[in-house]
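By letter and in written order, the chains are A, B, C and D; residue numbering begins at 1 in each of them.
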């Protein structure tokens, strides 16, 4: 594990009010399951750098919308474009590499892997080592000075050995596999610290407390270095204090330059953190605007705000 | 009765775990030394003469097989189990036709390496080669590995998109197809007559061979165990890499893995191909040591035996599957009285292990917890389920 | 700290013990010359004594045991020991057995293999060790064409039997023969030999696969060929349903099979469908077998000697005679067997140069199935 | 490649194929029922069939049935045989469920574990009938177990006769009986599943176990029911088999089971009509293939067809319908 001070500082990008650029466009998406219309020609877009809330009563099609965006479902008609490129028809892992990542409403971690390994699966998506690379380690990369093996021993055979290793690495380079493993571990550790659960890095995901699991999902999603992070009810089951923490976390994620799409039931949380809100009902969009506008929209009030906001 | 077995089993597993924990607690150099001692012991095994342990030898009974010969079989099966473990234990794909890859490896060396084979004869006639010409053993090894790998990809490409249980049946069919083709394509494989004079490292079997001779099997065992150790090392490298993590992620939650950027198909195909290559290499060793193969040696029962080795030993764990392989290969040889009942015993073992300890005799800790979790889920679910 | 040291010491000590033990001798395989005496010796017999094919092989084992027992009972001071090695007929299991027997100097001869595959696999090993193999039932023709110096068989090969079948067919004025085989080493081998012998009278042929149960396609081919004789090369499991379905479908052609069907399970499994079928076998009818063999076998095992019981007896008798003659080394026994020239219970035994039993001495009989019994018909002339 | 034979007698080959496939179809129903509800390949179902044939053999042996008995007797023994086989097969299927699958279901074991258990059970049953029982009882009832490993013949209960010949295609009484019986059994089962109260429960559990449970469907009962139903179908198949082929063997199930499963998958596993269609289709393909090449390529043809169909239609010809198509 690397030291605290080697952590690269997260890039800080302020929320840009400047020229608005659509990061993701959802263009007239229609999705039918047999006879049931799950999404009925929905269109909206997400601007780079914003936090967009996607709300609606249960069964309104929020998660379905996520699933279309991340390639789990293919829309019957319409298209999803990410930075101008069509997303529809691509496989989930390709979409992930384009820069869209997500968390799941019902936590879906890899329960038997440690927290660190969970995040490493995410970071792996930016790496190239496959079977030949891991087996033969022939592909060599010239390491940066800080990546060279350290010489720590004060003397004796051990020191000679470490020096030998260092000079070998200098001359022949290090295998990409090893560098990537190290980078993945560092990056994963950094993300665990970022979401605040680094203390349990080596525990299996299944042994983590609920709140940690939610955060771990976010860290894992961030591991894929997304441009757009979709959070599916991240605050479900949280108490007010935890929700407050989460709010801060979401803002900090945005500050890293990641656009956030947030599905949430808790209106207070949504109102407090989002720049804009899209409201769905029965698979159709009924409102789209700034939080205070949306909260005044009579259709929204009728459809959604009128109901008690349960956290189911 | 069952409760008693369960208790016994629990204390056995606890003992195993405490041994494993102690082992892990040892300093690195001691573990290294222990490992070296174990390897030395493996190489010493065919000479086993420690008083009190000689009864382990299969030739200590009347009508028992050559001890080194049995050890060689065990080593080949361990190699098979390690390969199949990549497919079943790591990637979570049930392959019931693993014998097909084993047969492909065996036939690769037979067809290209033996002067007896129609393929070699065709080469000789076509290129005016002498009647003793055949592809060298080492090249055959390479051919076996590559052919098995390719056949794994060819089989996996269309079938890995299928659901897991369909995959099992399709692979079962594949194993049968390989055997039937080997039997029916007489012009290529000599059909049921089989192919003799398959070469070893020193060329075709002959009384003049100094090391890999006809009578003394020990060098063959040492060769096999060396291959096993190399392959264990290689598979460990994979397990502890991006590839291994991806396999694990796919096994635990394929959809989530895909969303995290893992391309499940690609890694499943790799698992399949690696498994196939290991199986093919095991078949290659098998054929070159026995110097004779015929299609009856690759029947579907053996495929099921391979699966049994993996699941009884403990899928996902190389130590477990190796122990499984050794037990299933060794016990019927040492205890000849039960030889007739071996399939009954294998069947019972599979059922009992699955019901009592689905994670196998020596489970990987991960796998064990995964299954426990599922059981717990079932208990939490409503009572009528 | 102390604990970890003691553990380390323990590990090191274990390693040392292992290394030291490695120096010990390879004790397991040291053969003791228990059966020495003045004229005794030790031989091995291997074959499928368990597993699915055991039924075909056990009579031979019993026959061999009978020969040894007879000798041992008569000569208390000259005991012969015969060790059984079960291979389940699998070449991969037969090879470690061969290594074991070849590496143990106390073995002076081998009875086996019983199947052609295991014989093919182990012949080079035994040859390298200078051990004589006398096979009671490995019939594949090419086994004796490989130039092996120590392989002998007391049974006619597939070529001989196919020749006899061809003679029989010609004597019956067969005009359109339909050939079927099961694509096994045995069935395909004998059928291929027969194809060579029959020439133009072969109307058509088909191959089936083992464990096949439904034969619609084959039967319609037989009908289309309008065959008057159907020859099936293979074993009972497929032959019984085949012949029965043939009859049920109205095929009247005469059914002929080789010794693989000389098995009471065949007429029983076909439930009457096999009635009138002709089975050829290089085995003598019980009343024609030499000496008291049949009666002795019946007395010892409570049943008639099945397939190759007499061959097993003969194979063992060769070694008994060798030991009686005072042969005490592998080389001496090899020479003795080469020169063997004596009436056995199954046939007159004298080996040709290549190890085949003298073809002119092979006796092949035809049997007709009546009910569940095999009625001897006639001795078949060889081609 | 014998095209002359194939096209010259295409009608006959089709009839032969249909009668061959009818047996596959009946066994396939058992796979499809269990799979449709539990998403589990009951690999041991082929042995359920095998036990059925042994029951028929036992019955006919016990009564000393001769070849070609008078028609009244024949019908009596066929009916008795059906009952005995259905009880034996249904009982075996139920026993498997109770002994092996239920404990696993309690533990919510993943599908692979079920499949491996089923393979183990299959081995155990084959060995019991081929090895243990012959050793224990071979002396006492040799005609039933003595040669269980090799082959056991049964009397011909109905003599095969050509009923009529149309355009060179002859159809025999046995072929007709087998085909009609298979279709009738399928229709009966289809009616049972689609029209009765029990059938509704089965469909409910197949489509959504949780909801079905909430609606008061007793899931355990439904599961027992489908195993028994599958067993009865296998018993019926065993009777037809005994009537048509008149032999059995301890390892008879393996190849047949594999073919029947292939048939179920071809038709769309979980779909009863698909099982029938798949069975008939497979039978025809095999006979055509065996005619075109040689009979020893039959299995290869069957499996290649399976892979090709699955590649282009992963849910089989008719798709999966008993249960919802779970991804």
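Here is the rule we use: a contact is a pair of C-beta atoms (placed from the backbone, for glycine too) under 8 Å apart; a residue touches a chain by one contact, two chains touch by 3 or more.
If you want to know which protein each chain is, UniProt gives these names: A = Branched-chain amino acid transport system ATP-binding protein; B, D = Branched-chain amino acid transport system permease protein; C = Branched-chain amino acid transport system substrate-binding protein.
Nothing here was measured: the structure is a model prediction, and the numbers come from that model.
Asks: Touching both chain A and chain B: give me those chains, sorted by label.
Replies: Output, common partners of chain A and chain B: nil, no chain qualifies.
Asks: By mean C-alpha position, what chain is farthest away from chain D?
Replies: Taking each chain's C-alpha mean as its centre, the farthest from chain D is A.
Asks: Which chain is the middle one, judged by CA centres?
Replies: If one averages C-alpha positions chain by chain, the most central is B.
Asks: Starting from the mean Cα coordinates of chain C and chain D, work out the distance between those two points in Å.
Replies: 37
Asks: Roughly how many whole angstrom separate the Cα centroids of chain B and chain C?
Replies: The computed centroid separation for chain B versus chain C comes out at 32 Å.
Asks: Would you kindly tell me how far, in whole Å, the mean C-alpha position of chain C lies from that of chain A?
Replies: Distance between chain centres, rounded to whole Å: 70 Å.
Asks: If you average the CA atoms of chain A and of chain D, how many Å lie between those two points?
Replies: From the centre of chain A to the centre of chain D is 51 Å.
Asks: Two or more other chains touching the same residue: where does that happen in chain B?
Replies: Only 180, 183-184, 340 qualify.
Asks: Name the residues of chain D that each touch 2 or more other chains.
Replies: Residue numbers touching two or more other chains: 254, 294, 296, 299.
Asks: What positions in chain A touch 2 or more of the other chains?
Replies: Answer for chain A, listing residues that touch two or more other chains: there are none.
Asks: If two chains touch, include that pair; go through all of them.
Replies: A-B, B-C, B-D, C-D
Asks: Which residues of chain B touch chain D in the complex?
Replies: Listed in rising order, the residues are 88, 92, 94, 96, 158-159, 161-166, 168-170, 172-174, 176-177, 180-181, 183-184, 300, 304, 307-308, 311, 340-341, 343-344, 346-351, 354-355, 358, 371, 374-375, 377-378, 381-382, 384-385.
Asks: Touching residues of chain C toward chain D in the complex: what are they?
Replies: Within the complex, chain C contacts chain D at residues 52, 55, 182-183, 206-209, 211-218, 220-221, 224, 236-237, 240-241, 244-245, 248-250, 263, 265, 268-272.
Asks: Can you list the residues on chain D that touch chain C in the complex?
Replies: Residue list for chain D touching chain C: 5, 8-9, 12-13, 16-17, 19-20, 23, 67, 143, 147, 149-156, 159-160, 162, 172, 174, 245-247, 249, 251-252, 254-256, 286-287, 290-291, 294-296, 298-299.
Asks: Within their complex, state which residues of chain B touch chain C.
Replies: Listed in rising order, the residues are 26-27, 30, 33-34, 36-37, 40-41, 44, 46-50, 54, 57, 59-60, 62-70, 72-73, 180, 183-184, 186, 191-194, 196-197, 205-207, 213-217, 286, 289-294, 296-297, 336, 339-340.
Asks: Enumerate the contact residues on chain D facing chain B in the complex.
Replies: Those in contact with chain B are residues 39-41, 100, 103-113, 115-117, 119-124, 126-128, 131-132, 209-210, 213, 218-219, 254, 258, 261-262, 265, 294, 296-297, 299-300, 302-304, 306-307, 310-311, 314.
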